[in-house]
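Below, chain A partners chain B and then partners chain C, in two separate complexes.
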Partner chain A sequence: MNDMTKPPRSRAAKWTRRGFIGAGVLTGGALVIGVGMRPGNPVAKLGPVVAGGKGEQLINSWLKIDADNVVTAIVPHCEMGQGAHSALAQMLADELEADWSLVRVMQAPADGNYLVPDTIRAFVAPGTLDAPDWLEPTWNGLFTRIARLADGMITGGSSSVRSTGQHTMRIAGAAARQMLIGAAAQEWGVPAAEITAANSMLSHKASGRSAPFAKFAAAAAEQDMPQTPVLKQPKDYRLMGTDAPRLDIPAKVNGTASFGIDAKVPGETMSYAAVRRVPVPGTRVAKMDASQAKGMPGVLQILNMGDFIAVVADSYWQAQQALNAITAEYTKAESPVRSGADQFARFAAVLDKAGESGGKAVVTRGDAKAALAGAAKRISAEYQAPYLAHAPLEPMNATVRVKDGRCEIWTSTQVPLMARSAAAKALGLSADDVTVHHPLLGGGFGRRLEVDYVVMAARIGQATGFPVKMIWSREEDLQKGLFRCADLSRIAGGLDAQGRLVAYSSVFTQRHDPADACDCAFYDIPNKSIRHAESDLHLPFAAFRSVDHSQQAFFIESFIDEAAHAAARDPLEFRLAMLGQSPRHKAVLEKAAAMAGWGKPLAAGHGRGLALVESFGTIVAEVVEVDMTKGKPRLTNVWCAADPGFAMNPDGFRNQMEGGIVFGLTAALYGEISLKDGAVEQSNFHDYQMVRMDECPAIAVEIINGDHQKLGGAGEPGLPPIAPALANAVFAATGKRIRALPLAKQFV
Partner chain B sequence: MHRSAAIPATALALILAGCGSKAEAPVEQIVVRQPGQPAASAPTAAAPAAGDLVAAGKAAFAVCAACHSVEPGGASGIGPNLHGVVGRAVGTLAGFTYSKAMSGSGITWSEAELQAFLANPSAKVPGTAMAAGQVADAQRRAAIIAYLASLKH
Partner chain C sequence: MAKFTINGEAASVDVDPAMPILWVVRERLGLTGTKFGCGAALCGACTVHLDGQPVRSCSTPIAEAEGKAITTIEGVAGPEGELSKVQQAWISEQVPQCGYCQSGQIMAATALLRDNPKPSDADIDAAMAGNICRCGTYVRIRRAIKVAAGLEPAKGAQGVAGGQA
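Up next is the complex of A and B:
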């Protein structure tokens, strides 16, 4: 944060949105186009950091070109399987007119010059992304300040493509193209307007001259920054909207991809730490007996850190074996919650107190109370969602070297700058003395938005004084981390004499993000009261893929289905009738229904269910067909229609819908973290089941490009509709309404 | 500002709060020895004997065995049978369909050629169908090659 006091200067002065992004150096925001390699600006500083290769020329902070004409996009977001690296490079390459086979990706270093203020902005105040030009200076300044304060180099919220891709990478590519053309125009003595760029080549038709980008890379970096780079219209997209092959796949197929857990400290003998956190959150190690562990093979050090125990050894296995031999006693927990039943009883007490109008109003429309009282028919239901673990394939880990007042960290993280600040604070260092290397993530799902594990490793590294790689066991990862919150929701609705939903009232205990996840604004319901009655959580919270939508979509879309049945209407018809003001939502729902053959007769014991959710700017409808003839739910098909505005890479987008569906299905069918004596009961994949290959339904995805100026996300929106669509299908097949997840538990 | 997935509440609070007390030191620290120092009573490890190298190679070959059989006369799998591969010319095993790149490479598999190939298959034989065979660790590579060299008769 200390570099915030001296905002670097730039010649770019026009405070338009694009101008700001172009001149990001003004506030340390995004792009430093056009300021070239002159001394005293960040490109001069960044050059040696990101363009160390032979003959490489940094054109601006987001792309470099080497002597072989290879363009490298420097991407500030992390890659956790969601395809952001490749999609962002694709957007940059399209505007640049680069040959895709000559494009590479590089992870931007954890450096204050690679903040992503638009990601923050998409979250905190998405409405301002379309703000009028005269407001831009205010918003940009504000969000860049927030990004700085919050160490905003963040990957989350399904936002990379729609924020950084749209507002930074494309502009970086377009500006660099103009700068290359400008350099060629000077060299060739012809008007810039006569020069065309295509396939990483520049050419001038009249004189028959052409040359690769690389020839003009150095001169381009000296060009003035275009104040308002001209972006392509969809009709001119060449790579955007195509299935350009993902750049990260080959390394993942041939095994050369390097993840956080693969890190080694260069030139050092590695030691390994296994850790055991206290079993119940908030407790402490009261007594540790390491007498047996001390003599075990490979053991170097045994640490009682107060809130956890660590064994450091020559190998991870030796460390874990010795840790298993340590017995400990813990202090008594302050939280009175001992079981899942205790947690839900606390939620229920809070909701009882809130009653029909208590709690903090989130959405108020019309007069829900009066409309409910006057309704022809009233229905109400209570839904519950359990705690969930993220369970990424790569367990939490971090490798650290703390030496001579400096700390170097290698770790998979969605928030490298927050990891840097948190480690610095824990060690009493300045953030400048901490370097974070952040390789590929073996799964994030929101768990790696938290930095608890990085701080633990830093503390171990400081205590030992030699480099240590800390790896959590699978059991540790599942039991002692942070969790998707459990929640309880009560919803009441009123139908008029024509069977229309005229009143909707809901209250629930958990509200984290996004702010509107508890609403279903696209349905035209005249009277609404949506309230949040907060209740504390026994297990610590971390955002889970789709965050609040992961439970709210189940509550809302299950209830809408119940309302349809109470009105004796078809669930599809019932929803369509409420979508008069939402043509894009209507189109998506109709598409999914058509794909599924909604309304066609089904075999006995089979049922179809549907759900419609908008999350992270993308509208998704899913239809599930379930076979209940064996007494347990078996999904045969999922049909998914999605409108992300415009899918930059349709193959990647479909991949994310499929991934979200399977991830959400695991949660809906089996996901449950339960408590015993205040500690997590589950320990590994045998009792925290994933959906297996033989249970996975056939999944069909169709994309509607509904509005290329209003992009939605991809990583999360596939998940929310699957749980309610499944529960609704089970109801259609059996008449049994499931109001508590996980669903499979209700059929054993 | 509400709590946000993009700005984890804990991290944001921590950072916005600015200065706070630094994390606690260990309550108890038991130092057994320094890294790299031998354990007090453990015998020092001798350099691996040739037999150990072959044994290590056999263990390391488990990954390769997903595609390659090694029994004399054994059927080829996704990759060719490797019994007697050291000294064999590429593309000569009957009944196995090699990639064009491989059969046209003209290599005879000496231990040095195997070293180069396993270090980076697609660099040594661009276009090889062996997508997943890289053995980056030099010691592991040497062990696997020693094991392959032992597979004769």
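Up next is the complex of A and C:
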């Protein structure tokens, strides 16, 4: 074998994880990834599935090269606007030394060969991603097994770049580069070390030979898989860290981008289903009168599915018209919660019971109770956050064909294999009998981590026996879906005689993910007691962009601001004084403050507020300037400084910060799902208001690449600081402290 | 039978005259670039041009298109697929995230710039406030409109563009 198979293991060499545990089954042509999960050569099996194009050669599970020298990265994560498809292709292409203009991206099929164990690992045990070598097989084996059991093909947790990007795509690119070089070395009869790869070309300087990657693609696939391919050091990055134009954008400006809702069942006449779910969770359809709807034009079937009613028609509009003509009665709800006030009263009762030391301890440091008792000044506050709907602009939908004991599904999902398993279970099929196609997502935001709508469509498809595209109306989406939880939090703090925060005690009712969202570990507070007193929820839960951070950041950073004012200290200085052990956080906060001109005089009626949050491994500080001269909040500017460790695509990262800020601003200003008689009151965008162009502030984003070995996420971290920064700015402008969201409601 | 032109070509469809243009375009004509977002003229995802004017196709019956010209996102580029200035600016400013609203945004921006080639910020606010972007790309949409109008230089050439490293 050539000298590239076992390169010296330098600091930059990464174990190819499946190779590490599955060295015995490594056979010619097979890159490691996938081998450990399914013994055998994945190229032979996957080739027909993912490489059907002109002269395409699959080099390993994650990339193929065609006769025109186009490299296609096969990305196992979904694309929902966060830019993962492009960023992961960029990482692979950099290690491969591919010319970006010759790089394409392909959505990996929903297939057990495209699990993402490192994503699960990043989320469950983030500290293990760069485990010492001797521990690597243990962690790798564990998470590979978990991924297989848990249908672990998932996009979430702002983790694609730092998990699959770092630990799969880069390795796949680097390994393929070495395999291409190895193949050229054999053909040319020269030492591999003398061959260079650049811009999708291989060249040997001494002999003046050069050839495109494509020439050696087939031979490369026959090479042994390098087990420890050498990865680049940052000084050698050529694409990583640059604003490589996103590969998915051209199709999104000319109408050709295909989302789940655009799916067509090949060779079939389409029919369409409109649905109405029960109004209150847990109830059933007791009585349905469809006499009016039956004879309406285009109507094919009317289904009472128990938990929902569906009308299937020739067109979606006809289905919706007929559905509107159906009246129904529902069983009585078991949940005693009728209103938002009921929900918050339940939360309050739980917190009352927990008191000052009850509930499950999440963080305990020092003795918060004693420190509070002995504090020179003690403050406390109660904060609340409402239920929220995700409202991705593409409504929930799925297209299904259930036929001959098989089910085929087209849908926008963050979890295609979970969708497959759930549909199989609902239809009494095995997962192998279900195929899921998952094109682009018109927004996910966590809503599409759930597969309730896929199961509904599958059940409709089974009932009809012919292909159906089910689409939820916006009203269904806002009223009867899954929701960001409401929550109530009580925080107490103690200041010493010098105005330092020496005690912090909090208790709240909701804890989902991430586990540390309720903490602010970067602040040096000597005595802490952070507790979770669980209360049930009336509306069903789904993770919302940034999950617990979306409410916890508001609670924590509002309180820190209150503590600063109680200590008669500037909110910036107060925070900086607690960041002695957290130099990266300090640098981010100082940067945002400098961008905003913190401390400089403001126009009358204006106020500045700031917040600092670390979420999903990325540290973000935001400063808001708000204009209160018209009696209600109008944001003029947001300044954002962020340290994601290293931004793989700075422009893409900035776009995510901008988007996270606007998404969070909608939630902070307007977001509220309220209840009447146990059912959601809001119905469409007139009463579930969004920030629009005319209310969008100017947003400036600066990136600090603070540690290229500790990558953070991009999709979520922009969101958490905006609500507290805004509330703190409103306080600075008006002296009015807002402790309950949404904020605009307090200024009507 | 409704008769109209779609992206310059004559079309006739046999549907209920009350059926919204959106569903005629998507289901009957197979042009899926126009999106369903709210069904109530509240989000702008379904924006198309009717005789050049932006309309919410989810709430405009096909009867209103009788004898008129419908232009969808698929009809914005030139006959050889050459992108319009607005589309080019959307790429140079790397505007879209999920992209679902962007057809409607581009249709609204195209109508704005045709009527008002050098819009002010207030003009942009007024013309674009009907279009929701749930991903929050407004800052870039505003910049792209200004780039398309020649009011600001394109940013897209920075860094590695198209892989010519």
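Definition applied: the second predicted complex is superposed on the first by the 708 of 748 C-alpha atoms of A that agree within 3 Å, B and C clash if a C-alpha of one lies under 4 Å from a C-alpha of the other, contacts with A are read in each partner's own complex, and residues count from 1 in each chain.
To be clear about the criterion, a contact is a pair of C-beta atoms (placed from the backbone, for glycine too) under 8 Å apart; a residue touches a chain by one contact, two chains touch by 3 or more.
Small disclaimer: the values here were computed from a predicted structure and weren't measured.
A.B. asks: Specify the outcome, clash or fit, for chain B and chain C once both structures are aligned onto chain A.
C.D. replies: clash
A.B. asks: Output check: A:Gly255 vs chain B and chain C. Expected answer is one of first, second, both, neither. What do you get?
C.D. replies: both
A.B. asks: Applying the document's definition of touch, where does A:Ala221 land relative to chain B and chain C: first, second, both, or neither?
C.D. replies: In the superposition, A:Ala221 touches no partner, neither chain B nor chain C.
A.B. asks: Have a look at where A:Thr242 lands relative to chain B and chain C in the superposition and call it first, second, both or neither.
C.D. replies: It touches chain C, and chain B stays clear.
A.B. asks: Between chain B and chain C, pick out the one touching the greater number of residues of chain A.
C.D. replies: Tallying touched residues of chain A, the top partner is C.
A.B. asks: Based on the superposed arrangement, let me know which partner A:Lys294 touches: chain B (first), chain C (second), both, or neither?
C.D. replies: Touch status of A:Lys294: first partner only.
A.B. asks: Using the touch definition from the top, say if A:Ala542 reaches chain B (first), chain C (second), both or neither.
C.D. replies: After superposition on chain A, A:Ala542 lies in contact with chain B alone.
A.B. asks: May I ask you to decide whether A:Ala426 touches chain B, chain C, both, or neither, giving the answer as first, second, both or neither?
C.D. replies: So A:Ala426 only meets chain B here.
A.B. asks: Please identify the positions on chain A that touch both chain B and chain C, taking each partner from its own complex.
C.D. replies: On chain A, the residues that contact chain B in one structure and chain C in the other are 253-256, 297.
A.B. asks: Would you pull the chain C residues touching chain A in the complex into a rising list?
C.D. replies: 15-16, 19-20, 23, 27-28, 30-40, 42-43, 45, 72-74, 76-77, 81, 83, 87, 90-91, 94-103, 106, 124-126, 128-142, 156, 158-165
A.B. asks: Touching chain A in the complex: which residues of chain B?
C.D. replies: Chain B reaches chain A through residues 1-12, 14-16, 18, 20, 22-36, 39, 42, 122, 131-132, 134, 136.
A.B. asks: For chain A, which residues count as touching chain C in their complex?
C.D. replies: 79-83, 99-103, 199, 238-239, 242-246, 248-259, 261-262, 264, 270, 272, 297, 315-318, 320, 391-395, 440-445, 471, 473-474, 650-652, 655-656, 658-663, 665-666, 684-686, 690-694, 696, 698-699
A.B. asks: For the complex, give me every residue of chain A touching chain B.
C.D. replies: Against chain B, the touching part of chain A is residues 1, 119-120, 122-124, 149-152, 154, 156-157, 159, 253-256, 269, 271, 285, 288, 290, 294, 297-306, 314, 415, 418, 421-422, 425-428, 446, 449-452, 455, 459, 463, 466, 511-515, 540-543, 547.
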